[in-house]
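Before I ask anything, here is the structure I am working with.
Here the chain labels run A, B, C and D in written order, and each chain numbers its own residues starting at 1.
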């Protein structure tokens, strides 16, 4: 199988993702690593909480990966998302894509994170010193 | 300093690059990992040899990084290139770019590897079962 | 009909799921109206989708009582 | 004038550097002609550049004897 989708409570291991997608046929791997920023719109963020509708999120990530394999000549795709409480600097998401040629890896990896942010049922709560808010929930 | 350029004889450490570019302000990191393919134009590759005009290569990589910082709102850039004999699956190049927003990281990382391949004085020799060839040397 | 809540919707329902009494074979659109009547704050969020059996469902989809239904507020993963 | 060779150019010069006797203040263009006369195989490679003191130099650049000169065949890093 050339797709590895995971939703994990433990810290993500970037090397595991990269090593998993690397094949002897591959010439390039593009990796996107999301990180928790210490501020948003000028406000200091203490930590984030990620919640997933896990079964559906796995399905939606799998759809993205299958679409990627149809659109680009890729070798393997790893897409790991973390849930739970994350501190600043921790990694909520890792997407690694291998291909014989780098253009396909870049395009597909970017498509993956852009689409994940639009369709995968995972929610992020920003926790500030004076309160907390579900991101994008209100207009 | 927010640029880390290295030419190394030892295996590259992808995690070192990622950890180095990660900052509390960063929301996304794009990483390109080059890998040695086991074939080229249908021919089996045994291993590669990379040679650098080291001082000039460092300078040219530094130019690329400075151009990236001018063109995109980035945080940090790591660009490590390996030299010497590499087996299939080993990593000749790692480029990691952090930014507050992922679009800048993706665009800049891609610019970096595209430009590196055009301007940085590093040469690759492909070693086959029946001979060896400097890549791109002959029309 | 059990309805799962996530993110901001959990805060609106004050629960991770609610058990709504509905006629059989309600459409997604009708379910939304019913929910918005009972939880007016739902109208205040940017938008929300309904998933039926782990798939996004359009307003004219019909839901059976045995389906797994979830309210999906704007996602913000990644 | 010491001229550094890399990649395919090493194979053509059969050396990692050569010491070329030139008039002072030769241009890059004139150096290329001189080298191609001595090493006709240089004309067979895709293209090559000349770097002077670690910078790519155009054909009309003037090289002093103290400069570090390198022949740069098509690069293939990454």
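Here is the rule we use: a residue touches a chain if its C-beta (ideal position, glycine included) is under 8 Å from a C-beta of that chain, and two chains touch if they have at least 3 such contacts.
Quantities reported herein were computed from a predicted structural model and do not represent experimental measurements.
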Any chain that touches chain C and chain A:
none
Which integer distance in Å separates the CA centroid of chain A from that of chain B?
23
Roughly how many whole angstrom separate the Cα centroids of chain A and chain D?
48
Could you put a whole-Å number on the gap between the CA centroids of chain C and chain D?
72
Multi-chain contact residues (two or more partners), chain D
none
On chain A, where are the residues touching two or more other chains?
34, 113
Which two-chain combinations touch?
A-B, A-C, B-D
Which of the residues in chain A end up touching chain C in this complex?
34, 50-53, 55-57, 59, 81, 92-93, 113, 116-125, 134-139
Hey, which residues of chain C end up touching chain A in the complex?
4, 6-8, 11, 44-46, 51, 54-56, 70, 72-78
State the interface residues of chain B toward chain A in the complex, per the touch definition above.
14-15, 18, 22, 24-35, 37-39, 88-89, 98, 100, 102, 106, 109-110, 113
